[in-house]
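Following this line, the structures themselves.
Presented sequentially are two complexes of subunit A, the first with subunit B as partner and the second with subunit C.
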Partner chain A sequence: MVSAVAQARPAEIASGPHRRVRIGRWALNGAAALALGFILLPLALVTWLAFFRQEIPSFPPEGYSLQWFGAVFNNKSFVGGFLLSVQVAIAATLIGLALAVPASLAVTRRRFRGRGLVNALLLMPLIVPGVVLGTAIYVFQIEAEIATGLPLLGTTAGLIAAHALIVIPWAARLVSASLAGFDPSIEEAAKNLGAPPWTTFRRVTIPAIWPGIVAGALFGFVMSFGNLEMSLFLVGAGRTTLPIAILQYLEWKIDPTVAAVSVLQIALIGVAMVATDRYVKISQVV
Partner chain B sequence: MNAERSSTLSAAGLVGPATLYVGIGLLVPLAILLRYSLNQFVPGKFMVDALTVENYVKFFTDGYYIAVLLRTVRIALITTIICLLMGFPLAYVLARTRTRYKTLLIMLVVLPLFIGNAVRAAGWMVAFGNKGVLNASLMGLGVVSEPLEIMFTEGAVIIGITAVNLPFMVLTLQSVIEGIDRSVEEAAFNLGATPLRMAYRVLFPLAMPGVLAGTILTFILAMNAYATPVLLGGPRFQMMGPLVYGQFVQQNNWPFGGAISFILMIATLVLTLAANMLVQRRYREAAV
Partner chain C sequence: MARLELNHLSKRYGDNAVVAGVTLDVADGEFLVLLGPSGCGKTTTLRMIAGFVEPSGGSAYIGGVDVTYLRPWRRNTGMVFQSYALFPHMTVAENVAFGLEMRKLSKTEVVARSREALRLVRLEGYADRLPRQLSGGQQQRVALARVLAIRPDVLLLDEPLSNLDAKLREEVRIEIRELQRQLGLTTIMVTHDQEEALIVADRLVVMSEGKIRQIGTQRDLYERPADRFVAGFVGRSTVLQGRVIAPGQFETAGGLALQCRDGAPGKAALVLRPERIALGVANGMDNRLSGTVEFVSYLGDAIELHVRLSPADRVVVQLANRGETTVPAVGDAVDIGWQRDAGLIFAE
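Right, the complex of A and B next:
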């Protein structure tokens, strides 16, 4: 981090007194470290609590233990919540990608009337607040149930349909971003060399936008997996997603068990991020 | 002409499904919710068809609900300002650093975004409880004799929301600062500017699009916070997000819950647009 400011050093030294520059650099790096610490502190504290020996979160701890990680697997709402969340997130990501990838291709590459409007509409689920989204989809699913007689509200299918809606903007954004840097003349070249449209798409376009698709899948999955506000309105009695199970537990009490399930989630997402970073630099797509 | 038409047709085939999905999945529900908010709620009889604005009138004539709205706006403003002040230095360092740890540092900022608000609120619960890290440390050091009441206060909610939204601000600012040519900073230094003056007169104005985008994003998120006020504010602390949930799911008052949803969404939009116009006008004047 220190070298961040060191870059600007020659110019600063040329113009200002040494000491002031040095103090400025320390102040800048100190402020940055403070902000980073502030972001990470809650995660660090939860992780610490997960290893306490006693159940009550009082400090300092009486000792350390791994028993709470076992307790997580005996908690039905955590295990069930995790399975439901994974199932919903995978299905919603696949549906979202299937809809968003062709749409992004058209929006970034073709000129047609209403292009700006379509683009705005695809990003809209990001802008509508989660609570409002939840209430609106809640009443929509009730109306749809009345109209069709099919169960929707509180079902896994209803939850997946709603989650696909929040995957679309992320997938569209990230795929569009990767298309923006892609030269269409490469596709022209493939066509001129006699490749049929589908082959061109499969062998030229898809590999070029692959980083965007991987990033879109990761973000879509994570946004769906972690969604709380919208899902609150759409889950059925006794069947909740993991974030809701954690919220409901915390409304009741905080103890090392809920901390342990949080740590497992942090580890899982951390691993997913590092794995994704091999395909596409996360620092460039966020 | 013909080629153009077939290209429009295939474009429609590509964007059609996604457009339809979002249209039916988002716009239709919002329209139904708006219609519900004009219905009547009769206790015992649930929702009765009507065409009335009484739910909106009820909100704006009851001091309790106005207080909830004002509290929500106040907390959103405070947390957004803190996010900007804390986020700018970190974003600058992340944008300008050339260490090999840059990816790691950015991942550390991104990771909490992916973890979920409830888990992050849990971290602050560990810190703020009567026997929490903070009180135990302060009492151990003899700074205070009684544990401080931090849990279930507005201060706890502000700290919680700030920490939740800070990564969004940092990432938005960082991407904009990376696009600013370093030589303009060096030019300012060569002309004798102090680092603070350079930041204020050169960097900050150039980063204004990022400042605006980050501010809008964190403000919207704070206005609509749910998990943080519920967990750190406690059951009696009300903000707009929990209020909507309570009316909708606990009271089953869909018309009033729908009305509050729209008030929340419109208040967020109006304040965002107002801030946008204010900043743009200021910077147009400054440019002249």
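Right, the complex of A and C next:
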């Protein structure tokens, strides 16, 4: 009987379930390639465009040149916008993390009344459209200025405060995800070995959820850096973030300078991701 | 290494008493096992000793010092967790050194004592590995080394073997017991596995519903169980329902008249250990009965027969496997017997 089964096998492989599995795998790989192409195509086109020689983008290119990259660095509003964006994104990321890490700890570890509500609120900035958020914060900052007399609207501090809001959901989500996979008895073990709560947090909890914190910081930074809709309401006169500088430039010109500045942005974020992934395996969290 | 005393230690959540007054005195160097089904309060008791659960009442003393409300990091207990709870981002050596660093020992002493602890669990060559690079059994030994390094007053083991496969479990429990004896560590282990408990313990505590049912040696629990719960939980047993009709006389629900130990007249249960019932030659037995084999389990070292004595009474008989060629089969008529003292009587 054993040999009969063994003999039946090869015929089955040629026509039966094995072949269906192979077709399925091809279909899956094909769909994945299609999706990836869909995502990468605009990036590839923008990158190509940045190297065109002619001022008005048209196909096929008349030749290639690096002049537009030079134009980026000679453009004051791009350089100023970049510096402001980096400054705001770093500050907002730090503030966002300082709020999101304790909040995630509370939401994943503690059982308290209104826990679900707090969890929902942490994700809220992700759900509310940027324009709505921008309008609301704009109105709030005006009212706050009137009430307190402190300058808020149009200041870097006001912009950072608003950007911290878009960092929070990303940081909270990713830190919570890494906390969920973290055995609480590991913290108990630390306490049992003589570590008070703060030492336990610093030496055990933080290192264990570090990939989540780094990934949250990276995503928060990228979201803040690229934010346009909300920032439009909140920047002061003559001080713009990079996305706003790009928008303003596009109102008058459509030369490849904009493509060049986009390529620089993509490269910056790409390098940040690759560099971070070398030290912390973000792919484990995201 | 110290003596541990619990006095009426209890834990309530609202109206629910998870631990309802546990009193224990564990001698210096003794290995005590808390045994019971899940939800009996054994783990909560252990966690109160470690300081992770604040007692609702009673007191706990380690080495004569009141630790009832002392924070976990201020008492010198060493706990091995079911999940091992190793620090995933630290190497084996760093894991073991952690407790010593918390004690602010000098660097040379930290290194010396970590190395000594790893040597005790035979993992000297693994100091630079990360926990995820080790097998379950090795991780378990790192967790043990980590608490041995701090030389705890009391070693606490929370189902330390339940994540290991059966073969490894047998090795590791003997290893733990030998280490404990060698180092003279006062040890409390929690388990629901009675075999494990019987092998390692000096004394056992059987718990159910937050209360201690019995404290004693293996022999005490097996030969003189305090109640039917203990009799049923420790070792295998058959229960015959019925009543004591006169001193030393038991009548089963199926109408069998049996001789038994003295017990108060009235409704009762007769508990029999399977290996105390003899098959065949029933000469000199106080109780001699015949019945039909309904089920046979061949266990290797032993053979178990389920024998029907009356429509309402069935007993399990265990025979040591000495290589006899004829083993009763299902449907065979057999004679069985037991001495009157073999049965335990519990009033219902």
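Everything that follows uses one rule, which is that the second predicted complex is superposed on the first by the 245 of 286 C-alpha atoms of A that agree within 3 Å, B and C clash if a C-alpha of one lies under 4 Å from a C-alpha of the other, contacts with A are read in each partner's own complex, and residues count from 1 in each chain.
In the analysis below, contacts are C-beta pairs under 8 Å (C-beta built on N, C-alpha and C of every residue); 3 or more make two chains touch, one makes a residue touch a chain.
Just so it is clear, the structure is predicted and the values come from calculations on it, not from any experiment.
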Subunit B versus subunit C as contact partner of A:Ile39, first or second or both or neither: first
Superposed model, subunit A: greater residue contact from subunit B or subunit C: B
Subunit B versus subunit C as contact partner of A:Asn29, first or second or both or neither: first
Subunit B versus subunit C as contact partner of A:Ala195, first or second or both or neither: second
Partner chain in contact with A:Ala208 - subunit B first, subunit C second, else both or neither: second
Doubly contacted residues of subunit A, that is, touched by subunit B and again by subunit C: none
Interfacial residue positions of subunit A with respect to subunit B in the complex: 1, 3-5, 7-8, 11-12, 14-16, 20-21, 24, 28-29, 31-32, 34-36, 38-46, 48-49, 56-60, 99-100, 102-103, 105-107, 110, 112-113, 118, 121-122, 124-125, 127-133, 135-140, 143, 161-162, 164-165, 168, 172, 222, 226, 228-229, 232-233, 243, 246-247, 250-251, 254, 258-259, 262, 265-266, 269-270, 273-274, 277, 281-283, 286
Residues of subunit A defined as touching subunit C within the complex: 183, 185-186, 188-196, 199, 203-204, 207-208, 210
Touch list for subunit B against partner subunit A, complex: 7-8, 10-15, 17-19, 21-23, 25-30, 32-33, 36, 86-87, 89-90, 92-94, 96-99, 101-103, 105-112, 114-127, 129, 131-133, 136-137, 162-163, 166-167, 170-171, 175, 182, 185-186, 189-196, 220, 223-224, 226-227, 230-231, 240-241, 244-245, 248-249, 254, 257-258, 261-262, 264-265, 268
In the complex with subunit A, residue positions of subunit C that touch it: 50-52, 71-73, 76-79, 81-83, 85-89, 98-99, 102-103, 143, 146-147, 150
